[in-house]
Amino acid sequence: MPPYAAREAAVGNPDGPGYAGLATFCGRPWLESEAELLARRPDVAVVGAPFDVATTHRPGARFGPRALRASAYDPGTYHLDLGIEIFDWLDVVDAGDAHCPHGLTEASHANIRAKVHEVARAGVFPLVLGGDHSITWPAATAVAEAVGWGEVGLLHFDAHADTADIIDGNLASHGTPMRRLIESGAIRGRNFVQVGLRGYWPPPDVFAWMRENGLRWHLMHEVWDRGSRAVIADAIAEAVDGCKALYLSVDIDVLDPGFAPGTGTPEPGGMNPADLLRAVRQIALDTPLVAADIVEVSPPFDHADTTVNSAHRIAMEVFAALAHRRRTAAGGTPDLPGTAP
Amino acid sequence: MPPYAAREAAVGNPDGPGYAGLATFCGRPWLESEAELLARRPDVAVVGAPFDVATTHRPGARFGPRALRASAYDPGTYHLDLGIEIFDWLDVVDAGDAHCPHGLTEASHANIRAKVHEVARAGVFPLVLGGDHSITWPAATAVAEAVGWGEVGLLHFDAHADTADIIDGNLASHGTPMRRLIESGAIRGRNFVQVGLRGYWPPPDVFAWMRENGLRWHLMHEVWDRGSRAVIADAIAEAVDGCKALYLSVDIDVLDPGFAPGTGTPEPGGMNPADLLRAVRQIALDTPLVAADIVEVSPPFDHADTTVNSAHRIAMEVFAALAHRRRTAAGGTPDLPGTAP
Amino acid sequence: MPPYAAREAAVGNPDGPGYAGLATFCGRPWLESEAELLARRPDVAVVGAPFDVATTHRPGARFGPRALRASAYDPGTYHLDLGIEIFDWLDVVDAGDAHCPHGLTEASHANIRAKVHEVARAGVFPLVLGGDHSITWPAATAVAEAVGWGEVGLLHFDAHADTADIIDGNLASHGTPMRRLIESGAIRGRNFVQVGLRGYWPPPDVFAWMRENGLRWHLMHEVWDRGSRAVIADAIAEAVDGCKALYLSVDIDVLDPGFAPGTGTPEPGGMNPADLLRAVRQIALDTPLVAADIVEVSPPFDHADTTVNSAHRIAMEVFAALAHRRRTAAGGTPDLPGTAP
Amino acid sequence: MPPYAAREAAVGNPDGPGYAGLATFCGRPWLESEAELLARRPDVAVVGAPFDVATTHRPGARFGPRALRASAYDPGTYHLDLGIEIFDWLDVVDAGDAHCPHGLTEASHANIRAKVHEVARAGVFPLVLGGDHSITWPAATAVAEAVGWGEVGLLHFDAHADTADIIDGNLASHGTPMRRLIESGAIRGRNFVQVGLRGYWPPPDVFAWMRENGLRWHLMHEVWDRGSRAVIADAIAEAVDGCKALYLSVDIDVLDPGFAPGTGTPEPGGMNPADLLRAVRQIALDTPLVAADIVEVSPPFDHADTTVNSAHRIAMEVFAALAHRRRTAAGGTPDLPGTAP
Amino acid sequence: MPPYAAREAAVGNPDGPGYAGLATFCGRPWLESEAELLARRPDVAVVGAPFDVATTHRPGARFGPRALRASAYDPGTYHLDLGIEIFDWLDVVDAGDAHCPHGLTEASHANIRAKVHEVARAGVFPLVLGGDHSITWPAATAVAEAVGWGEVGLLHFDAHADTADIIDGNLASHGTPMRRLIESGAIRGRNFVQVGLRGYWPPPDVFAWMRENGLRWHLMHEVWDRGSRAVIADAIAEAVDGCKALYLSVDIDVLDPGFAPGTGTPEPGGMNPADLLRAVRQIALDTPLVAADIVEVSPPFDHADTTVNSAHRIAMEVFAALAHRRRTAAGGTPDLPGTAP
Amino acid sequence: MPPYAAREAAVGNPDGPGYAGLATFCGRPWLESEAELLARRPDVAVVGAPFDVATTHRPGARFGPRALRASAYDPGTYHLDLGIEIFDWLDVVDAGDAHCPHGLTEASHANIRAKVHEVARAGVFPLVLGGDHSITWPAATAVAEAVGWGEVGLLHFDAHADTADIIDGNLASHGTPMRRLIESGAIRGRNFVQVGLRGYWPPPDVFAWMRENGLRWHLMHEVWDRGSRAVIADAIAEAVDGCKALYLSVDIDVLDPGFAPGTGTPEPGGMNPADLLRAVRQIALDTPLVAADIVEVSPPFDHADTTVNSAHRIAMEVFAALAHRRRTAAGGTPDLPGTAP
């Protein structure tokens, strides 16, 4: 059943159904230029990073931003659990895409970095839509530049650690961004926490490097063993301990491929959406979150937008939690049926 | 591995595999006319409602009845958990489809209401196959007419409340049927219980109306938090408290889209089939259930009949539980490997 | 993110990505002849059984071995949970396929039996890739011949018992292999344990026969009720009690169809991959496992290789656990991040 | 746009859309027993042969009859080119399926032969829906038994000659049925004509045998070179020259895979539907056609029912042409917009 | 290979690839309001009509406009055959969608009529993207209102005549729009010409009505028989004979389903894209074309955007031909490799 | 129907069906090293180039070589039209893949060039499987190095000219390889001939450059207008006029997307497979062909291997024609049913 009545009421969209009209993220205003952004200074700006050149297996994540805008089932705007009309409390805009010329990694990464920096230095929360995971390198770098070099932690959901030094000669692979971020000092290791790692990669020397650099990880095995709630509580504690700001990076392959077939390097035995959505909500509620990305959504391998919709809801949880914090700060309380978060 | 040997034994179907022969629901006899129905007076009659005009997003549920008859993998007829040869204890027929002329909501709804009423007034349990969720309006109305206006409760599995007043000018939307049923008095609010609500719709005024009218709901968050078993126990208690009869309405989108991609308005973070099937079983075992529907199965968005098969098994659980009750009433006990329900 | 750097390091494959080069299972050496096998005497030999003539519903499992070699996403070779570089400790080869002439059950089964026997009598662990479940009849027979007639137990994951006597005139159906194995005495009933049974088949007389012959089963309901860990512990205890050797047979339809659409007779309400992979690991760690098969993967009904990858990881768990036992025997311990199994 | 108004008018089906109601072929009456058949003695009886055990590559044709009844888009009943309301002039029934037990070739073939013989000996035109091409062996044998052993010609559309002696040990393969029919004398070689052969099989010794036995063939190259119309005229002349009766066998893979992806052994470079449909029409208009089959439709590999619909229309062309002949014999003439055939 | 360099050059789009940035039709400016339209007075305005309630079989055409904007492969802007940079000569804008509330035919049709009228009365060429074919009723009515009631001819490509009076009680079906247009006098019958009719609908009384009202048709059989070029020449001559203005309506199901699987009522044996695109070009070059629609594109049944892309190119041919006419009028000539049309 | 009997006879493969055994191209021997190649000096070596980084729209061509080896339906080995058992006359081997590290254009291109040069300088005909079209740059360069710089013509089937100078900053795009080849002098313009160009790219300045450099082209419009046979005859004449050797490059998107959905930049209105296969055959029969590539096959967008199979048969036509020339040179003649080419 359908949410657009609510959506119209809230956003004033006269187009009716979500599949009509202009395909911006959640039907939010399209503000492509920095000038427009500075004039409005919204709370959050969605930035697309349609780049998948750094993919080791199945490509297609270049179509992620377009699908998240044009194909996701637009779920309304009233978050039931938190009892909040999101966009009453949070000004979200769609800032368009970083220009990612086909086949060109360096130029694309530079443009992503510039675009995200534009947003972050305006004091706006950038929510970046990948693209493959390599885009976290320029995106988180830009955030660190704007917020404080080495003062940003990173909470990272993924089946893979993405901390290799170099893969098959490629330093800008989607398997290496986290290494680059720690190496450069943009992100500090002690507030770098990973959740959901499983499978058969990377090899032990990479984990040794991670330990040396203070990174912490929670294998999917631990989630299976102790439950998502307990692990997330620990991960949050580790990530924020002494940390000024946090960046959240969600590789959609942290979900089991049954829930997220549309991704490039699927690994069976992952999380389920109910747990992941609540984990993201908790993080956005309880940490000094300043930026986020959602990556590795590959629409050509998706079916019936299952993966696209899960990724879309991750953004919605971030929005809802940020809105909730603003409301709480303003002394507001949840409407029906909202229960305390 | 294959069930049809059992099916043949039980139903005497000489066609062998389920993909051969006449495609009725579970291979049950086809009794389209009221006369035939009255002559046989079966326990349950399956009624198709191939209507999807009231869909706000992805259509296709018009193909639900056909797929549930012709494409579902016919799972045999011996319910392992209950240890019962279903059709030895329960006479189920396929009563065909209500005529739903394309594009015509009023005429289609009228025909659905008439067809379900035909079944219910004959004292037969109607199991209605949607179609979109708007069909619950005429179907449950017909049941209330036959069983007792205002004396029927409704247990409702769904990601969405479907209690809006009007959506984009449409009073007969698949987002409004529950409002119509309460408004008309066909179903009473105090025995109206919802399970699985999540996401971003409807807005708070709708929940306020629901509370005013005594409806109760269990968000998916509660299922996640407390577990399905506890929530279902509460929901059953609420639904049957002082209630003469119960109608069960299962929107397949209560399942997570990973398990049910073939639906119109998918919402990530839903139930899993193992929980849902047991919930349905429990309800059919423990309440004065008189009718049920299974809606929003949209085959064009399904893959490998995953959604179709889950919907099919929901019907099977209803059948098995009803059969079990008859057997118990007759002093019978489960065969191997049946364990107590 | 990408595993092939690790794979290259470990296996010395210069081809780079897993989608390049020769499509053997995990990129392991191809040893088709018995002579080559005897010369090398590896620890494990993968054997394909591309046969699906015995399927009652959706065929396609004949493409299982090809898909598992050519389409699975090759996950690297370092098992994170066990902290082991698998092929450092375990010599695995790909022994090619048994010749399964189209449409000919007897000839195909004979060839499968001969091929598996070739492996087993060389003291090599056969890991057989189906093919439909009927191939367990010749495969487990061959293992019993080599290891000890009547001295092998069988741990069987499946939605269906596959213990019918005859189905629609077919004694070599994919619904009858377990009956044949018990009848012949190849496998003994008291160490025959089933996990995951659910749905509507077989009828009670088959369960009566199973009880008479000492077979034990754990319905999916029990897994749902007690949890996978507890049930697997019991199943292992039952299977190895007084048993010299064990054969593991995994029908991929033990998983819920949401995780494994690519199979022939899907039954909603099954296991999830995280539980199944750990169950397989536990079995390979804690029992005298001598052989295994993975069956009923039907690529034509798969999507984005979801089913294929889950099946592939089942093999990987077997490999990793066997490698771990060898390492433990040699006094080795897990590398990072390996936690005790 | 929609045909069912016409369908209703003609057949009196009150169910409305083709996706509602009972899924018989074209909504025609279901007459499964010989008794019913003899009582009615229709002009044509549709017989399903859901068998695909003899397939060398992609299976799935077992689902052909079900899909042709339940999934094909029912195109109405008024043939525009011939200007004829088909079922006003031709009594067509659906005689159900021959019982094809899974995995059993001999039993399945025997049942197909018996079922088709039942139809043919009643003087009814059997239209057989495969199933793989091996079913032409029993089906055409049954027709020859009823109509005159050795007095029936065969016009055969296919990418492959299907005249091998034995393939991989299998005499009942879908690559050998034509050899069996000539060998037994059921069909005579001099009126055996093939159209559409292309690709890489069979080898020259098979063609030598064909020439020795008087078979004639028209390669797809000839269709490409001379055009379909000229080749069909020749093929008809050859097939009927001195021939009492004709059997038409259409392997859907005679179409280019672009038009017929849903088949087992696709060969690029085939016919287009516009040509094939007219060829079938011409044959049914101009030859003593007594039976037909349409084979190798494999729904698991189809998309959007493209292949299923083309196969369905082949049956419709046969019906329309037979109806036209009856009308002409009765002195009737085409309605609008019918042009002379 | 890729067109976006050209696109950028022509339209000044800095986003790079067509899958990035704002998803308007061909990346053209988005002008939703009448005020904007009147201020700019472009040559052509694209209007979406996301409505599919009137569909008799497979729905989904509501997603047509979104897919044509967001999923079509944007082919560049330089028409090779005509040697013209289209948007140098023709100002095309995207005017957004008519509001089509779900399930409401009358309101949706009224909105479509109003929106198209807004465009047409501004002297702008409306190019309407369906939606199902019922939208031609309001769209062509609006054009007739603006251009001259009864002075507009209609050239109609379709597998179906869509001239029924009423279907299953529905006067606003996608099978009846042409009847409504002739009945009201909006379009005159003598300049109403149909091309591509085939299959089994409508019945002869409908053709009789068509003849009485002066409509002309060219069956697909005639296209097959005489070739597309000759038939199109005749159709153009008939359509423009004494006609002031022409409306072109292209139902994508005029194409064979092999080329256009993504449609609701597919009929095998249709046209190929090469012929259809040239026919549309010829019509736009040689007639007083004032409006056009492209309907019945149903993305849920499409694969790899095959249907979407063909529909997109139909619009491009209209644009290119209109641009060519303007250039010719201005004394311009084709660039390389343009050959005379 | 099935080809593997023939395949076995010819190649001695004991594995039976094409989906079994080792997945090399056509089951030919796997010779990865130059040493092996030099030892055997086969007639043709198949080389994979699994690279798609240079793609402007839909990626996925990296999976082309794997799919052509592992998923194509292996069509037998006896070419009917030419009446030749191909591998009796032509020694073809599979030389494996050039190493294409993910995301690295320069390294990948260098490796492709080296691998193809290895083959060509050994006097072996390289048949290169893409990969996107950028791989023609290194591949044809390597051939020119080995055969004679500037002495090789190029016959190019494609919807797009691929002669841009630079696209979005990328000189190594899949839209620029032909420019690079002419610029470097590797290929000479006057024997560079293109067939099938259509659509909306490139702009006129690129065509001007092409004319200046003597390149010739045949638009798809000309193929539509004059027929494939006439155009191919001209193209051959132009390509070989004064040319020592020829390289054939087939972009699968020269086919209409209805026949080749599995490609990255589909353009409606293309060739059909029957024409293309005969064109390739003619070229291989009538020109001094020394190398060929088949590119832009993108399996993620394919359905039922339709595109993969068409691409596979293009290779087979090259093989068959080369074999025919050897036989003719040896005085041999076609077997049945071979007609003169």
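Labels A, B, C, D, E and F are assigned to the chains in the order they are written; within every chain, residues are numbered from 1.
Here is the rule we go by: a contact is a pair of C-beta atoms (placed from the backbone, for glycine too) under 8 Å apart; a residue touches a chain by one contact, two chains touch by 3 or more.
As the structure is a prediction and not an experimental result, all values here were calculated from the model.
Trainee: What's the overlap between the neighbours of chain B and those of chain C?
Mentor: The common neighbours are A, D.
Trainee: Using each chain's Cα centroid, which is most distant from the centroid of chain A?
Mentor: Taking each chain's C-alpha mean as its centre, the farthest from chain A is D.
Trainee: With chain centres set to the mean of the C-alpha atoms, which chain is at the far end from chain C?
Mentor: E
Trainee: So what's the Cα centroid distance for chain D and chain E, whole Å?
Mentor: Computed from C-alpha means, the inter-chain centre distance equals 37 Å.
Trainee: Please tell me the distance, in whole Å, between the geometric centres of chain C and chain D computed from their C-alpha atoms.
Mentor: About 42 Å, centre to centre.
Trainee: Just give me the whole-number Å value for how far the CA centre of chain C lies from that of chain E.
Mentor: Computed value for the inter-centroid distance: 55 Å.
Trainee: Provide the list of chain C residues touching at least two other chains, using ranges where the numbers run on.
Mentor: Each of 2, 16-17, 19, 56, 58, 62, 101-102, 167-168, 173, 256, 258-259, 272, 301, 303 in chain C touches at least two other chains.
Trainee: Chain pairs that touch, all of them, please.
Mentor: A-B, A-C, A-E, A-F, B-C, B-D, B-E, C-D, C-F, D-E, D-F, E-F
Trainee: In the complex, go through chain B and note every residue touching chain A.
Mentor: 56-58, 133, 158-162, 164, 166-168, 173-175, 197-204, 207-208, 211, 217, 219-221, 224, 251, 256-259, 261-262, 265-270, 272, 301-303
Trainee: In the complex of these two chains, what residues of chain D are touching chain B?
Mentor: Touch residues, chain D against chain B: 2, 14-17, 19-24, 30, 32, 48, 50, 62-63, 65-66, 69-71, 96-97, 99-102.
Trainee: For the complex, which residues does chain B have touching chain C?
Mentor: Spelled out, the residues of chain B in touch with chain C are 1-6, 8-9, 16-19, 73, 75-81, 83, 85-86, 256, 258-260, 272-275, 277-278, 303-306, 309-310, 313, 316, 335-337, 339.
Trainee: In the complex, go through chain B and note every residue touching chain E.
Mentor: 52-56, 58-60, 62, 101-105, 107, 167-170, 172-173, 300-301
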